[in-house]
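What follows is a single structure, and I will ask about it in a moment.
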Amino acid sequence: MLETESTNGATPTRPFKFLKIMDYLSEYKRIRKQSLTICEPLTTEDYVVQPADVASPPKWHLAHITWFFETFILRKFYPNYRPFDEQYIYLFNSYYESVGEHFFRPNRGHLSRPTVSEIKEYRKYVDSYMQELLAKANLSDELKNLIEIGLNHEQQHQELLFMDIKYILGHNPTFPAYSDESLLKSLTSTDQILNIPEGVYEIGYNGDGFCYDNERNRHKVYLNSYQIHSKPVTNGEYLKFVEANGYQSFQYWHSDGWTWVNENHITAPEYWFKKDGKWMEYTLNGLHPLNLDAPVCHVSYYEAYAFVEWAEKRLPTEAEWEIAAEQLDRGHCWDWTESSYLPYPGYEKPAGAIGEYNAKFMVSQMVLRGGCVATPEGHARDTYRNFFYPNNRWQFSGIRLCEK
Amino acid sequence: MLETESTNGATPTRPFKFLKIMDYLSEYKRIRKQSLTICEPLTTEDYVVQPADVASPPKWHLAHITWFFETFILRKFYPNYRPFDEQYIYLFNSYYESVGEHFFRPNRGHLSRPTVSEIKEYRKYVDSYMQELLAKANLSDELKNLIEIGLNHEQQHQELLFMDIKYILGHNPTFPAYSDESLLKSLTSTDQILNIPEGVYEIGYNGDGFCYDNERNRHKVYLNSYQIHSKPVTNGEYLKFVEANGYQSFQYWHSDGWTWVNENHITAPEYWFKKDGKWMEYTLNGLHPLNLDAPVCHVSYYEAYAFVEWAEKRLPTEAEWEIAAEQLDRGHCWDWTESSYLPYPGYEKPAGAIGEYNAKFMVSQMVLRGGCVATPEGHARDTYRNFFYPNNRWQFSGIRLCEK
Amino acid sequence: MLETESTNGATPTRPFKFLKIMDYLSEYKRIRKQSLTICEPLTTEDYVVQPADVASPPKWHLAHITWFFETFILRKFYPNYRPFDEQYIYLFNSYYESVGEHFFRPNRGHLSRPTVSEIKEYRKYVDSYMQELLAKANLSDELKNLIEIGLNHEQQHQELLFMDIKYILGHNPTFPAYSDESLLKSLTSTDQILNIPEGVYEIGYNGDGFCYDNERNRHKVYLNSYQIHSKPVTNGEYLKFVEANGYQSFQYWHSDGWTWVNENHITAPEYWFKKDGKWMEYTLNGLHPLNLDAPVCHVSYYEAYAFVEWAEKRLPTEAEWEIAAEQLDRGHCWDWTESSYLPYPGYEKPAGAIGEYNAKFMVSQMVLRGGCVATPEGHARDTYRNFFYPNNRWQFSGIRLCEK
Amino acid sequence: MLETESTNGATPTRPFKFLKIMDYLSEYKRIRKQSLTICEPLTTEDYVVQPADVASPPKWHLAHITWFFETFILRKFYPNYRPFDEQYIYLFNSYYESVGEHFFRPNRGHLSRPTVSEIKEYRKYVDSYMQELLAKANLSDELKNLIEIGLNHEQQHQELLFMDIKYILGHNPTFPAYSDESLLKSLTSTDQILNIPEGVYEIGYNGDGFCYDNERNRHKVYLNSYQIHSKPVTNGEYLKFVEANGYQSFQYWHSDGWTWVNENHITAPEYWFKKDGKWMEYTLNGLHPLNLDAPVCHVSYYEAYAFVEWAEKRLPTEAEWEIAAEQLDRGHCWDWTESSYLPYPGYEKPAGAIGEYNAKFMVSQMVLRGGCVATPEGHARDTYRNFFYPNNRWQFSGIRLCEK
């Protein structure tokens, strides 16, 4: 409840806030390497396919995050830089209209070339120039800012890689495992109801580190008193909804959600399969009996809403979530909130192509909070705003309850 | 900034709040008659067609608002009521899943029968029973509540009738006029920027009259100081955006909006036509040269957003709008807000079929405020929340600006 | 087996062959009047709707057949003719690209204006000019030819009027009757198998009367000996196929037909409805129990093929049908043949817009032969080639068998 | 003109006619090896993708043709055969309803697993059992027949492999070459017009070798005298049509073709690209300037028809083609004919799953004749009937002219 003027009145001096990383070069190396590590268990074939419009081929991700450094940094800051391949500007642009035309997203899985090894060559090529650049002293603030965005961007695609790899393997009739090690972030605490008193609170980022433009301005909100659960909903709890014919009962659903359920014949979360009367779940470890104690994951906003309607609870708003963040048992999945993805008071879209990063998606999407098992260490924050359409569920998304 | 407990803590004792109307019978007669008056200028053919999925045939509206009284009042409260036609339950149900199956909405324009005169017979039949019921003393609170909902429901359809009639006539290549009288609500004031100080405010309904469930609970919000324009955007101002190639410039648009513009070849607001290099506008008075001083109307949320981006302004939130409401020059059109249509704190969905009235639409839609020229006198309130999808624009929707 | 040179070698001297009608004027009046007579039982609303893309509103037909005379005759042959309404050129053009743009076919049912009475005025207007023209002596051959095409065209639309009226009323949940009089063309004979010996035969038109371009040239075909049934398949016979799970058994269907059945959930001919375990059929007399002795009607080519596969028979080719024509018991419906609609040897497309009448449809459609109850008296011939897509079934189409 | 009885009256004693191959084992080895040879130039990634619904991934073809031997031969004729993988029955069934469910065709490119090397293992596994079986003396007629079908089936997929590989590489923005060697079958002769006299002719297969069921019965047809060109249409000739605005001129096109051109923005044959004002063509040798002397290839039936309309010629019927076959300069591509793919007189569908091979496709497709550069040596015959939908053009299809 402090700093009203400075918080809300200040014009940000640069689009994204950044952290003074001690050593940009080693951070660059660490994060770039991580993308390849994630792909190590894949066969060449796994890198190529795109079984849904939203899920890109892993090789596309590897190229696109490299394209980002090449396009926004090397072409501008490395004198006389010669691009690896002029066609890659078009092929690996995701959606930046400012950069020119981009290859039609649903057709990414139509491309056998460039091959995986050509893309790995591309990465090496760009890395060598980037490392030369980063080894220099006296990086400008503009450059530092772009590097941080580039690295955070790569980390976002690392999470997308996990989502898309899971989609590729989990929609293959042979259900291959990605890994033998358990990737479940388990919950050990007992569920508690946290009571938060009414009052004026502040949300949004106001620290010294990196944050996205959409986390600012930090601003005041008035919250009524509310009760939020410390633990997310489990598979076991969600199963009761399924078995109570929740997917066949219109009264729990939004009108759009009910249409979605019926048109797509949805009867359970993504990756749940009923085989011989028994519920199985595909995880990155393969197809196994449903773990009732694990947090429910891969539900759409429509499903999250229908579940809370059935349970006579409600979802938190993003402000409610953020204020309670430190007390929550943060689990395997992002938490759907009841908040639409909209600009904060005083929001300013960054200039140029970077302005396309967030602002143009601020319609018809819902906010998710907290991070998930696939989010790179150190990438997310309590103020971090993730967002998806209400029918999306290939992301690691789960349910957090508030009492009514 | 008072009454926090009573406002936010109270559980509403009935789904919709109602006004003690002095004379239910004469109010019923007055409002029912108005629906027929609206349709008087139509030819029989105009009652039948449905040139877009969203726009229902006028005869369907006339039947549906009658069905509402028959289904929710006469069948329950009139002893031994004999329905006019059993098939009408199915034919004139709009979307109430609780009431059973409904006829597929986009096919309403496929039905030549029942004819217009049969539907007028249906109205007379239901009216005679309703009037008999309303003439009685000692109506129960439950019944009063349903009557008020039914009348408000009919008023909402009166606005829809104007929207759909305009769509039917305005998409006919012969552009017939609905009326010779001007229906433009003109604006005479000069635009002013209103300065609203920061602070905790209250929004939502808390009066003694009728309100919809979605206007409650009245609750506190924290607003930063803001500047809102007293007058809405005019055709002349919007035309500058059109002529500055606003519809060809991706940078002003949401990503979804840009797709919408391109897939639908949108180049101007609905009902604007360029003939021989001159801009014409279809209004209910026919096709005429664009009136530059009139408020811009029939823009989608996507267009409203693109316009404010271009103009370096922003849209108000619904709370900002409501707090400033009394000072605004309310014009011809609803004002798009930057707020998604979501439940207020403490919102309770009414029980039964009436619970389907609002709650199930609370996803992916944007709030509009204020009312329009087609809104029946006395129907809307400052707390009234209208809502449409971001691509809809057959409603009378315009643009109100806030300074950034 | 005569006249080979003259038949196949001759270049037709005009696009359609015509009959020297004794009195063009009275023939014009008679045929024009018949179109209005067909529409007499309709309500105004019935004239307006279009419940399927293929089925045009009756008022559209009434206008279009008038447009044909205005466009191809009055505008060219009546000196200084002033069109009734310049916009009608666009509105009532069906598909003639040569004449300019045409209104999008599936949107015909979106138009409330021009009204039915305006269209009747249009008819009167054009009729008065046409009658003046026809009253003159010494009509040129070109003009006579166009008049005959216009009248045959109007007769084709008279059949379409019956098809579309049946579709409009038969897809209305109230199933109104068009008429109280029976419209069934009954079959009284006993089925016989006709044996036709192998040999060289001639098919196609070579008479002195009117024929369409697609019936020429008359040419030789070699036929193996074949056995064709004198009577078409009845509802009772087709019902056995339905009850033998014919619609659930892939082995009887073309691959495309099987997809059609499954995507559209087809389980019986158009207008068959199972109510309380009993088969009903909608005819122009309303909804009645299925008449087992009537010829099966409103089946698609896919269904006709599946039926003959199940029955271990086959459909006749159009040549086989034509050679046997005089011996067949011609019934209520057109007979599907196993022949694709393709040009005959020596076929010449007429010049100009009339060339669009037939030639451009000669792909992907199947030929039907014989005429039906809705075909105007004297319109069809043994050489007449009707054609529809294999999935169409709103026309009066039935099944004629050949032995394998 | 002889043997009427024996030709038309005989019931075939088995579904497909077969050749007494001297050594089934070596023929099996030779043909099976050829499929792998075709794929040798591919990268692993090229085996996986499916850039159009009609074009299957090469690894799918390799598995499916193996599945055919496993399903129709080993499971029935090899005692106690253990399938390589039970799931492959479902995964690699193309369309045989009799064999059970099949994986949705447009999703074949969604499957990264089984991998290319797993599929090669599958081939080896099946080959070892097949070779053991074929090494035996005294193969039954039924078995011999199935082996011949299996080998012919594999050869058809070898042509499909070329078509699909060309589609995959030719729709990649990098246009990789498949081979450095020219694959063009050039034409050296001068075009001549062949005059064929009218009369009764016989078409269809009646030899001692293998043929498909659709080539029988051999039967008589009556042909008028006709003039057919010895050489197919060249790129240079077709280019004149393109440059005469053929793709923008409705009058040359079927109505369906005109819709196809406009909806798909077709302006030239598949694989033609205009770069910097110059026409280029993608062939299996990469992207090169259009070779004006090469036969035009990869045109749809719609395009072939529009071209002949423009050129004031016509396409041959399949009977006309077959009678002239020996005198034709057979080129790089199949020739589109004006004949629909329909059963010959006396056609009998084979019993069981093999009956699904041809009969169920006999609707809405057009016949092509002659073979192409991608057809395996010795696979096609003068009586061979290939067939595609009128909009298909990824096959090697060209144009042969008849004089009008």
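Just so it is clear, A, B, C and D label the chains in written order, and each chain counts residues from 1 on its own.
To be clear about the criterion, a contact is a pair of C-beta atoms (placed from the backbone, for glycine too) under 8 Å apart; a residue touches a chain by one contact, two chains touch by 3 or more.
This structure is a prediction, so every number in the text was calculated from the model and none was measured.
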Checklist entry - Between C-D, A-B or B-C, which repeats the contact pattern of A-D in over half of its pairs? => result B-C
Item to check | Most distant chain from chain B by Cα centroid | outcome: D
Next on the checklist: Suppose each chain is reduced to the average of its Cα coordinates; what separation in Å results between chain C and chain D?
Outcome noted: 36
Checklist outcome for this item: So, in whole Å, the Cα centroid of chain B is separated from that of chain D by 59
Checklist entry - When the centre of a chain is set as the mean of its C-alpha atoms, what distance in Å lies between chain B and chain C? => result 46
Item to check | Touching two or more other chains - residue numbers and ranges from chain D | outcome: none
Item to check | Contacting chain pairs - touch in the sense defined above | outcome: A-B, A-D, B-C, C-D
Checklist outcome for this item: The chain B residues in contact with chain C across the complex are 43-51, 87, 90-91, 103, 107, 109-116, 168-169, 171-174, 176
Checklist outcome for this item: So, in the complex, the side of chain C touching chain D is made of residues 4, 8, 95, 97-98, 198, 200, 219-222, 224, 250-251, 253-258, 301-302, 305, 338-340, 342-343, 345-346, 355, 360-364, 390
